[in-house]
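To keep things simple, chains are lettered A, B and C as they appear, and every chain counts its residues starting from 1.
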Amino acid sequence: MREIEFFLLTLVSGISIGSVWGLTGLAFTAIFNASRVINFGGGEVAMVGAYAGGLLVFSGIVPIPIGLLGVIVLPIVSGFFMNRVFAEPLVKRKAPVISSVLATLAAALIISGVVGLITKFQYFKTGLIFGTKPVVWGPLSISPQYIAIIVSVVGLTFGYWFFLNKTHMGLGLQAAGIDPDMASQVGINMVRMRDLAWLVSSVIGGIAGFLAAPLLVASAVMGLPLVVYGFIGAVLGGFGYPLAALAGGIILGLCVQFFTAYVSPAHTDLLVFLALLVVCAYRPTGILGLKMYE
Amino acid sequence: MKKTILQFESVSKNFGGLAALSNVTLSVAEGDVVSLIGPNGAGKTTLLNIATNLLPLSSGKVFFENERVDHLPPYSIPGRGLARTFQILKLPQKLSVLENVAIGAHSRGQCGVLPIILRFPKMRLEESRILGKAKEVIQFVGLEDHMNTITGHLPLGIQRLVEMARALACEPKLLFLDEVTTGLNFHEKQKVVSVLQKIRDQGTTIFIVAHDMSFVMELSSKIYVLNFGKKIAEGSPEEIWKNQEVIDVYLGRIETNS
Amino acid sequence: MTPVEGSMKTGKAKIFASSILLIFLLILPVFVKGNVMFLAILGMIGGIAALGTNIFFGYCGQVNFGAAGFMAIGGYCVALLERDFHTPYILGLALGIAASGLVALLSSFFLLRLRHFVLGLGTTAFGLAIYSMFAKGFTDYTRGEDGVSLNPLHLFGVQAGDKFFYYVVLICIIVCIWISDAVRNSRVGRGMVAIAENEVAATSMGVDINRYLRIALVLNGLLDGLAGGLLVKYLNFCSPEHFSLPYSILIFIGVVVGGAGSALGAAVGGIVMFTINEVLTPLALYHTLTYGVILGAILLFMPDGIVGGIRALAHRWNGVSRV
């Protein structure tokens, strides 16, 4: 493979994996803004989406539209379970935030455990939804999956932005995030808002997982790394802002891919840590320089 | 002639385009009770935050006991003899009253971590001294009954007294009180006033930031009035009471259309 | 399970209960089998690690998801020094503890620019970096995932057995509890707790926040380094597996569910969590699920942590109803 091809491939794969992380980050930023809970289960909904995709869409057991419906519905169900059983009771109880966060971890472990039991924790290779024929564009020859990811990410981001800013529910969600007490005073049902945040987050996460499955190796334990990287990306971009989370994730993805490709795969985690430290030390509001959420 | 213990020289503070304080000069004599009043948003709390170095000033100088203090880190302020209370209570709610007041005496101790871990006698001595001081202060403000109660269980009026006790435990030469009677009922206010009188009689200088005119008139020997970040009046309570500009600022002027 | 619960409630009941517990622990080795010994020792090592993290989280309120990284430093120090320099265990352990504390000190200059949950992320990254450094980087030296073997501990020519290790670890955990309590009931401890509740208030009371957080992180490093050093010598094996992110989270969970803010609570929590984790290991596929269920149950039904739950039970037994 020639130099330029390698570079472009690294670039595209960086953007793609970065988008998956960014979407995960965006997803839990939504939940964080609504309830100050950091959702450890964000990766799990992606995993459910990935498995739903693999089992329902690729295997051809059900017609594709039904399969796609499953990709959306199953993560929502998982998210609902995590929220209602674990997060919500603690938020209602006004328990310290750390308890709610650990509760989402417990929920994530349960979902991961259930899926792991069923699949015996084996890896799961899904087919490529758009076929294996690479799309050729100049020096670039990439799998259509990458294009699908990028297009979907753009679409999802736009949809999310639209939802937040142009719909009644979305604005209510923003209000709930900015000042929960005030929001409930003006008649916004906080419980429903949190449900909504979890719902949106689950949909985004599930689709992210579905798209990423052919690229990442899907397994019952793929959730936690996704959440960690998504979180790091969110902080890099500027915590509290969903679009910053997405941007941060993409930047992180690019850094990781380029480092792995051109420098040394073994030391990637170290790089990520150092990058995070440097950003946090010298630009705590994130690379984009937005005002940090308190 | 009384010594000046606190001196603000042409202090200004800007937040972006907003001038929170403009050229404020004031001085506090040792042993006095001085009040700072003014409408909401006049800059009183900003001035207090600057005096305790929680906010850096934009220009001007602050002197405590004739030494320049405005560039020091905030945690060194109590060690110099300046203590403050907060308008919105910042008392750790889950600690007992005794522990909270003992934190106030924090700056009066010196033991490092190693002596603490190894429980040197020096540390035990210091610890019992700190706790003793805390108990003494709690008795001074009249809260012995609540010594081991969890702070969060107490009503606001009592918590205000705990906050004051906490500030007193630092053995301050100058005590800043920020809206210490806001939200209290008459009975609670009387309690606070009597404690303040005791503090004043001890010789501690008190600097009160307040809204409540009657409370301020009762205690102060000198009053400063702030409006929109500028000092508009200073003087004894009688002088301020009669000052037209102050009255206008507080009560507003009735435009008569004749 | 809040980070700020004063441990000044030294009532007679607490001393009584602690004494009973101590006696129980002292005579335990006499009448139990090897498996239980293994669990007890591993549990107590987890308890020591939890005590370290308790100072940073339980007292200062700062989240630490990278504690296993400190354990790794202590453990690998002992292992590598023994392998390459035949360092006697005591010396190796001391150096491991010191190294861990040093790493804590150095990383504090960066990590402490963060607070609360962002700090949680920073510590996560820290733990991951240390893990990957030992697991994937420098593998020529550290032998990565294959791990480093250690010789069993020998005392005066005799190989030390489980029972000996049990008492060593027991003494260590008691000492660590003693240290933690000493810190908590001093002006430094009060300052730390003030930082957890409200930094502005703490500063205005004269607390140098950065200094105290640094001290807390270093103590965290020292205690967790000890835990790591003990672990590798007991297992006679040092591999990255025991120092991975799940273990960091395990330690943290131990602090939280034990009853954060009290040294004894953290120790109990650490012991319980590590023991549960080991007990569940043979369950293989069911491990993750069961773990999640147990964790969830503790969080949902024991809001004051394990120690708080026991305390509530004791009070109900005595007929006292306390908030």
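In this text, contacts are C-beta pairs under 8 Å (C-beta built on N, C-alpha and C of every residue); 3 or more make two chains touch, one makes a residue touch a chain.
Model, not experiment: these values are computed from the prediction.
A.B. asks: If you apply the touch rule, which chains end up adjacent to both chain A and chain C?
C.D. replies: none
A.B. asks: If you average the C-alpha positions per chain, which one ends up nearest the average over all of them?
C.D. replies: Chain C is the most central one.
A.B. asks: Rounded to the nearest whole Å, what is the centre-to-centre distance of chain A and chain C, using the mean of the C-alpha atoms as each centre?
C.D. replies: Centre separation, chain A to chain C: 31 Å.
A.B. asks: Need the CA-centroid distance for the pair chain A / chain B, whole Å please.
C.D. replies: Computed from C-alpha means, the inter-chain centre distance equals 49 Å.
A.B. asks: Could you please state the distance in Å, as a whole number, between where the Cα atoms of chain B are centred and where those of chain C are centred?
C.D. replies: About 41 Å, centre to centre.
A.B. asks: Which residues does chain C have that touch at least 2 chains other than itself?
C.D. replies: 2
A.B. asks: Can you list the residues on chain B that touch chain C in the complex?
C.D. replies: Residue positions touching the partner: 52, 54, 73-79, 84, 86, 90-96, 98-99, 102-107, 109, 111, 113, 116-119, 123, 126-127, 130, 148, 153, 166, 170.
A.B. asks: Spell out the part of chain C that touches chain B in their complex, as residue ranges.
C.D. replies: 2, 4-6, 8, 179, 182-183, 185-191, 193-194, 196-198, 200-209, 215, 219, 323
A.B. asks: Can you name the residues of chain A that touch chain C in the complex?
C.D. replies: So the residues of chain A in touch with chain C come to 38, 85-86, 89-90, 93, 95-99, 101-103, 105-114, 116-117, 120-121, 220, 224, 228, 231-232, 235, 239, 265-270, 272-274, 276-278, 280-281, 284.
A.B. asks: Touching chain A in the complex: which residues of chain C?
C.D. replies: Residue list for chain C touching chain A: 1-3, 63, 107, 110-111, 113-114, 117-118, 121-122, 124-126, 128-129, 131-133, 136-137, 139, 245, 249, 253, 256, 285-293, 295-296, 299-300, 303.
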